[in-house]
Each structure stands twice: as C-alpha cells, then as structure tokens.
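Handing you a structure now.
So that you can tell them apart, the chains are marked A, B, C and D in the order they are listed, and the count of residues begins at 1 in each.
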C-alpha cells in the first residue's frame, strides 16, 4: 500500500511535533500540508520538515488539498476541535485529534457522531499510552503484579505557564481539563475502572496571566472509582524545577511507579553535593511516544483496524475533567 | 545534674522502642519502670532493657515508684492518653505523650490544661521532626530554597494492618487520625501554615479486620491551607510492598522530596532485572529519630526549656484529623 | 543541496542500525544500497528500510552503484575495514567506518593514508561521543566542574557473547580491542590526555565459544595517562543482567558519572522488594546517539567540514587497545 | 554475666567512635579508660562519654587499671599495633585491634603469636563486615544469586587527606595499606577466594602533605584471584565531593552493588536541576556498623566464642596491601 497523505491542522508546539514525526519518523505516511496563520510558524515547519505547503486555515487547506489527503492531525485550539472534526469527517478524512476532544460533552458527541456517520477513523491523542514505561506499567497491572488496585497518585507539573490567551478556559478548558488531562486518562486506563466522583481545590497562586483570564495555575483533585479505588492528583503550571510527570498505582499486593525527574544519566558531584539535570519538556521525555502514537494512527488507517484510543475514550476523560472543574468552583464533590 | 528517671506507660511496639532508647541510647536519663498487663511484653522489655520493674498498670506504677520518678513516656492506647496525662501531671511528672494526644479536642484541652496547671512539661511524639532528612527539608524550605509553598503531597503506607482491636476507631481514632497523623503534622510544620479545610475519601478495601470494626483501611485526603496552598495525601494500612513514607513539598521556585523506598544500599542485578529491598518498619527507617526525639524531651526537662513539640501542636493536628475523618463520613469538605 | 547517497557495507547488527537510520531518521541522506552475503540479512534490511538493493559484497556493490554513490558506511568485520576503506577511498567515496579502524597500526595507517590521498572524509564510529549524556559530561569536565582529572573508571558489560566466529581475535581483535574500545576512546576524550601505559588481566571464565577461539571473555585494564591520571576499567562479554555501560571521571574537585542500569522509568514494588528492568542492548540505550552520529557524518560531507572523529582518533584508540591486549598475554605493563 | 571492662588505646577519630559506642551503645561492656597524650582529646572523650580516666600512654594505663580490665580496643597508630597487642596479650587481656594489624607480615605474626600464647581473643576491625548492606550482599553471593564471581570493583574515596604526620607510610603503611584496606578485605570476603597477584599505579597528584612524606594520594590496583576472578580498585584521599565507598561484585549470572552517595533521602529540585547531599564521613555511613562490630567483639569475649574476624584475616589482607604497595614502586605486578 502506498503512503497515506496527512495534513496537520495547527502548527503550535504540539502540531510541530506531529509534523516533524510525519516528515521523518512515521512509516507509511507523508506530511502533505500544514495550516497556520502565522508566518513564523510556517517557517518553523519548513525548517524541520522541508518543503511543505502551509495554508492560513482549514478552509484554505481543504480547498486546495482535499483530493490529495487521506487524513488530518488536528492540533488546533481545543475550542476549535469539534468543528474541525466535523468538517474533516464530512469529506471522508480520517482524523487524529489532539486532546481534549472538546470543551463540552455535547461537542464531544457531535464530533464522535460526525466521524461515525462518515465511517472515518477518529483517534484521540493520549500520548503516554504509547510510552514504553506506561505500557509496561499497564501490562504489569493487568498481569496482577500489584493485586487489586487501591489508589492512583499523580503529579503533572509544567515548567512554564502558557500565554494567557491560551490558558483562557474558553480556549483551553482550564487547568484541569487542559493540563491534568493526561493523568485523567491514565487513571482510567491503569486502574481499568470508571471515575464516579471528583473533588478539586485550586488557586491562581503564582502566575498573573493565568489569574487574569480567570483560571487557576495549581490544583489538586480527588477521584473515586466505581469499584472503590481512589485517586489523589496534583497539577501545576508552575513547577519551574522540571516537567514533572510521575504516576503511582498502588494495589493490595504491590505498587508500580512510572516517571523520572532526570533527563540524562549524568550525575555531577562536587563539594556542594550531588547534582542532576531534570526533564524540561514533554518532547524531551516522550519524544519516542509521540512518534509511536502517530505510527499507531497511520497503521490503523492503512490496515483498517480500530484506533487504540477512541472518541468515546476522549469523551469519558473530558467528562471527568469537567466534573472536577465544576467541583473547583462549587467547592463540593461532583458526581461524574 | 544527675540522670532523670523515666517510666514508660505501655509496652506495645512503640513503648518498647522508647524503653530501649532510654535504657541504651538517651543520655541523662534512666529507664525506671514500665507498665504492661501482658507477661510476654514484660519479658520483651527485660530482653532488650535488662532488669526493669514492670507494673500491670499506671496506678500500680505510681503507687510503687512515684517518689522515684521524674517523668513518664505515655505509649498506651490513644483512648487512654488524656487520663494518663492528667494523672501523671497531677503528681508533678513531666510527660512525653505519644501521638495523637487524644481522640477529641475536649480531651486534648483537658490534658493540656492539666500539664499547664502542674507546670509539667508536655511534649508530643512527632518523631519525624527529629529525623535528619525532615529537619534538612524544613531548613531548605525556611531558607527559601523552593520559594512560596504551593502544595504538599504525601503517602503513608504500612505493610500490615494492626489487630482489629487496635484499629477500632474508639481506641485509635480511626485510620486518618491514627495513621495519617504524621503527614498531618508534617504538613503544618513544612508548609508553615494552618489547614482550613479537609476532604476525604476512603474505603475498607482490603482488610476484613479493619472493616469489622467500622474503619477504613485506605483513604485520600485533600487539604487547603489558610494561605492558599493545597495538600494531596494518601494513607494505607495495606502497602505490603513497603513501609512507604514519602513527602513532597512543591513551591513556586522548586520542590523538596523526603523519603526512600530501599532499606539498604544493596542492588541485586540478575536476568530478571534490578532488585532492591524495601523499608519494612518505622523503626528501620526512623531508628535514630526515635532516639533523638526522646533525647530532646530529656534535654528540655533537664535544662528546663520549652519542649520542641507542644500540647497545642498535638491539638492542632488532632483537629485536622478529626475534620478529615468527619469528611470521610459526610462525603463533603469540612472546615477545620 | 540534494541528499547524498550512502551504501552500508555489512548488514550485521550495527550495519542494520545504520541502514535504518539512513532510511528514516538522518536528514540530507538516502540509503542507496547494502551489502550482505546472507539472504536473511537482506530480508531484514528490506523489512525495516523498504526497497533497497542488496549486493553480495563490496565489489558487486561498487560495480553496480559506483556512479550512484557519495559515501559508504563500513560495518563489515574489523579485519576487513582497512581494505574496505582503501577500496572506497580510491574511487572518491566519503567513508564512515565502524570502530575499530583496523587490527594493526599498520592497517590503520594504510586506511588513513588512502583517505588522505583521495581527499575523502574518513570518520570513525565513536557513538557515545554523540550521546547527550556523554556530551554533557565532557562539557562539565572541560568547564572545570570537577577540577583536575585524577581517575577514569568504567565498566562495559554485554549480556551475551558474540558467536565464536566473530569473537575470534583474528576477526574482532579480541575482547579488549573489540569490546573495551568504547571506554578507551571515552578515556582519551573525557580525560583529555593520552594514555602512556596499560596493564591487563583477563580470563576465559564463562563462555566456551570465546575460549575455543583463544580469546578471554572478561578482563580488567589499568591505564596511566601522560599527566599522571589513572584508569581502572572492566570489560565483560557475560553480564547477563544488563548491557551495563557506566563511566566515572574523578577530579580533585568533584566527579561526574554517566550511565544507568534501568531502561524504563518503571518501578515495581511487591512483597519481595523493588524491581526495575535493565538496559539490554546498545541500541536501547544509544538509539538517539546512533542517529546523531550518522547525522554528523552526513553533515560534514554535505558542508565539507572536518569529521568530529578522525582516522587518527581511531588509530590512537587502537594503539591503546593493542598495548592492553599485549599486556594481557605478557602479564606485565606495556607502554603505549 | 557482669559487664566486661574495656579500655580504648588511642583517642583519635576512630578511638573516639569506639569509646562512645562502649559508653552508650554496646551491651555487656563498660568503657573503663582511654589513653591519649593530648588534653583536648581527653576532653573530647569526657564530652561524649562522661567521666572516664584518661592516661598518657599504654604503660600508664596498664599500671593503673590492669586488674580492672578485661579487654582493650587498640586504636593507636598502625606502627604501634603489634607492640600494643603483645603487651596487652601478655597480661591476659582480650584484644580488639584496629586495622591494619601491622606494617609488616613479621609484625602480624608476632602479634598473632602473642595472642595465641596468652589464649587471648584477637579480633581485627573490619567494620564493613558488620554493615547490614555488606552482610546482605555477602549472603546473596553465598546463596548463588550472582553465580560464579568474575570481578570485584571498588572505589574508596575520602573527602580530606589526613595530616602528613599520619599519612607518613612509616606510620600508616601508605595509601594502599591504610585506605584501600577495607576494599581489600571485602574483596577476600565477598569473592571468597585468595588474591594471588596485584598491580598498582598511583601518584601524589593533589595533596602536598601526602607528597611531602613520600606517599601517593590516589592509586588504582588490579587484583587476580586464585580461581581466576579479577579486581579493579581505585582509592583516593581527595574525593572532596563525598566519602565515596562503593563496591560491585559481578558474577556470571548477575551482580550485586553496595553503596550510596547520598546521606539523607532529601532531594532538592530547583531551576538548576536536582540536588542531593553526600555522605561525608565513615561514621555518617557506618555508625551502626561500628556499634555492631564492637558488640560482636564483646559477645565473643563474654560467650568465649571465636572472633568473627581473626588475626589471620588481618594478616592476609596486609599481605595483599604490601604486595600492591610494592607493585606501586616497582611498576610491575607482584605475586602475593
């Protein structure tokens, strides 16, 4: 089978990662085009991906390349996802959509229905499910290595807050939906159960930009699963010391930890003690997983198999994130 | 100044640790007597501490040794603490009381008042405040190394549930007050702020004995501090893989982690991978801290200085524990 | 500039790594052809690199593709390297040659002279110099972070001995030249000094195949540098627990360690303790470095700059390896 | 049985450790007296051990306390050990002697014979054999967990050189005998085989005081064992970054590592990365082992059992140290 042709919608940080992987690492696919309204992002794509057409928006892309495309990677703002999915599904493109699928369950349903109607593949970007460490942890848990799961603990910290325009809950969904999202899908996937209740506390404690758009920059969330297990999560936009992503799953016979703080295996020792570097970005930590994730999408399109992460998965995680976000404002637990 | 003479009330696991430290490691003190109603515990005291009189209860001890004592270490059941403190304070003994001070704030107040009236020292057993690692973490935080504190994360897991008779909330105060207690005082001490709200989820998921007395064996607690910081805590009676005590304090400029999983610095490598042992008990992990703690008590008695942990500290922690326990049953956040 | 076209000579384990990187990850280059006399290796190339012509040997390759090639990657047996380099240089191809350059200094000189005469680039495969960890360690040392270097310690262990036919010293150069080679070039590069004396002890202690061809499977080497620093190295073909590559450089003000034992950041905890996986192969550990190394070669060809690792570097390391190998047999220190 | 009475000969750094353990931690023994010619050391003993008679030298001690003593701990300069042992054995005292037993094999033999003649216990100070980590490693190796031992790797680094007067080889035996001694006895004990050949390289690279007395401050030693196993050791008086003691034993089925760099389990994370403290002194690292070691001596005296470390053990290690020291000067391997 010949390579499938894929366009990347949105050339922000994550869009560029996908474009580069399509251009250089994913097999069976070609990067066909990108969309971006900003010339400097088009230049960034050119620098890392070679000569690739850049269109100002999705309409322009589809007008020009429609007959030339098999699939799209949607990496636009979350608030645009559902519309983008509908538009692409309508013309029969397969869709890889970055998380979260949408800012409301209604929009999630609309996007899922559009893909279903069109018979288009719809895969959500749950990148850590393609990381060797998380895959191995899931395998250990499924094999019974830790017994019955009792608790899920997680921290997600980012070194720098996003620009206020992006942090705006109307665009991103807010801290919990946007930045705790990865831990929420890991919780469902690793505990292998559904969340029934969420409670959140949070505050705009550090970053003035986040505060100015009415969001919080740090939050904790308590989860309760249907089977009784519990979740204890912390998310932060301001862990300047590292891109700190660590998960622990505790069972009645053992536990599994995933995560690390150091980027390289270099230790410096001097009179002040022992020093190491830290992971600074998601791409440093999950570079291989981003490539594996897109490969999985390309493979499911080429082999006509079911995507490993579905629209319904994305909807379920969004439901938890929305409940936790509501709890943050109502200051009481919210049923999912 | 000659050595002070100290009796240990209660020769359970922790009472024996204190007796042994008084007999062999603490300077300026002598182990004068113990109380225990069980011959095998008296024998255990003899085996590790030499020839020490053992009395069936506090009344018998005081009847026989009253003029012979300067202080007591109270290591009886929590439900007996307040009465024990009152009785010993009334005859002018200085008091080291194991945590928690009591099962209710009223009893805490009664115990504190008794010591105050008598002019007796009253020090609470907050052992990790005497551990070199926790002391260093506190120093770093106070020195500004992590900036403004944003979040406190903790796990406290014990390898084996206590006997149901001890786990009984009427005796121990229940999982949160009894077993999360250390994390609660560390939270106040390391964040250097007061807790204003607590929310808990928990369940009797593993141990039938714990369930039979109406307690839970695993719980998560969310804390909110007056200044906005947050706490995300997990406590378990059933982490069979280790006595797992780890704390993280995250600030807007950095973070400090305290804790380790391995007991010895031995790594075994074989075809299956890399293997290490784990900490199994609090005394393995905090042996030196228990000795340092009792030394601090003896020093404050001998030098007539203020105890480093006061009855009011114990009361404040109990208040948080009681609020979190109430939240567990009411399924909504509780103000402290 | 258009992509350069590169053939890979030899499709063994390392040849396949280079072929795959040329096919998918290295920019500015195309994989033009490979040589292998074994149909199953040709099939392996096809499986990972797509449709690439495979020739039985270098003569056949050059006969068919000569006008079509800009460069070669030589990944044949060490005993064939010098001849391969001469033959390719003679027709003006640029050359990336796997380590060691040759089995004798005379052959090293012959290969270097051939490339010089032809004006061809000759770069040696010193892969760890392209690993982020080793690069950072070198930067720290050069910046004075550990003061004056005093000692270099290293372990290189492989999980499985090679087939006896490959281990044969007449083919591979023997354990020290073949398997300690990486540590020897790291020693020169990180200590930034030349080795003047080597002493070795070794034995065929484990593997019958290695013994049958007259080589040893485990050895230690002591090095002395011109400036007084010392090296203490261990090499093994039989560390079944891991592909164990760790280096320490100790200075008079500090030390730097490079290396790790675990492959993924997953920790399993159970009643037996703490368990992790281990690195099993060089490609698991240095996958990115292999790509970076070949990228550096392609870049120096395309930009007509000097290769970062020269034939003379390869010759110098070979000289140390030969001296240590001689010491192994003579049982006394040998000057380099 | 009543407590045995023990004097400590020499109140230097290690003598003080033993005195303090006898005074406070070892059971079944009393600290009876110490010798020191320096008033400030006598004061140091008083500060940590209470009221203990201090004599200017061994003659004075024995003259005054002879009938009052059961045993001695010899912690004088190595050059005085053999005479001290002879003198104490002659009057029937049991003897714990710090390592090394003596500066020559003749003196070792003289000391051993003196104890034998007198029927006195003679135990050598091999402290790491009483450390839980090393004991566990030995157990694992003896249980076959790593298969047949192939190699022993070790580093021993001290943060600060001793005063030149002590470093003087005529007093201490020189760097290898004095400071690599612990690794040499661990090598025999963990490999469970005898060393047959040693080769050393060393230099006075850092410390002018060490150089001024004709010793080296850094050295590497290669060992060969009778059964074919190898040893690769580095010793340093100048690892200012830590008291760095780490050992690895590699077998044909696995490996065991013993050692750690960090003192406390505290990790500080900030914008510069991850930071930990380091072990600074042997007593920080091996405080419990020093107490266990002396307890073992006291127990073997009280129970009339054989010492766990004998004079012959001490002699065997001294023989390796002397051979390696000779190799250092002769620049060729020396048979033990």
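Definition applied: a contact is a pair of C-beta atoms (placed from the backbone, for glycine too) under 8 Å apart; a residue touches a chain by one contact, two chains touch by 3 or more.
Keep in mind that what you see is a predicted model, and the values were worked out from it rather than measured.
Counting C-beta pairs in contact, the pair that comes out ahead of the other among B-C and A-C is A-C.
Centroid distances built from C-alpha atoms place B farthest away from chain C.
Chain A and chain C, compared by their mean Cα positions, are separated by 38 Å. Taking each chain's centre as the average of its CA atoms, chain B and chain C sit 56 Å apart.
Residue numbers of chain A whose C-beta contacts span two or more other chains: 240-241, 244, 253-255, 267, 269-271, 277. Contact residues on chain C toward chain A in their complex (touch as defined above): 24-25, 27, 132-133, 136-137, 140, 145-146, 253-260, 263-271, 277. Partner chain C is touched in their complex by these residues of chain D: 148, 150-151, 153, 155, 157, 197, 199, 201-203, 205-206, 218-220, 222, 224, 228-234, 236, 238-241, 244, 248, 250, 252-255, 331-333.
On the side of chain D, the complex with chain A involves touching residues 240-242, 244, 261-262, 267, 269-278.
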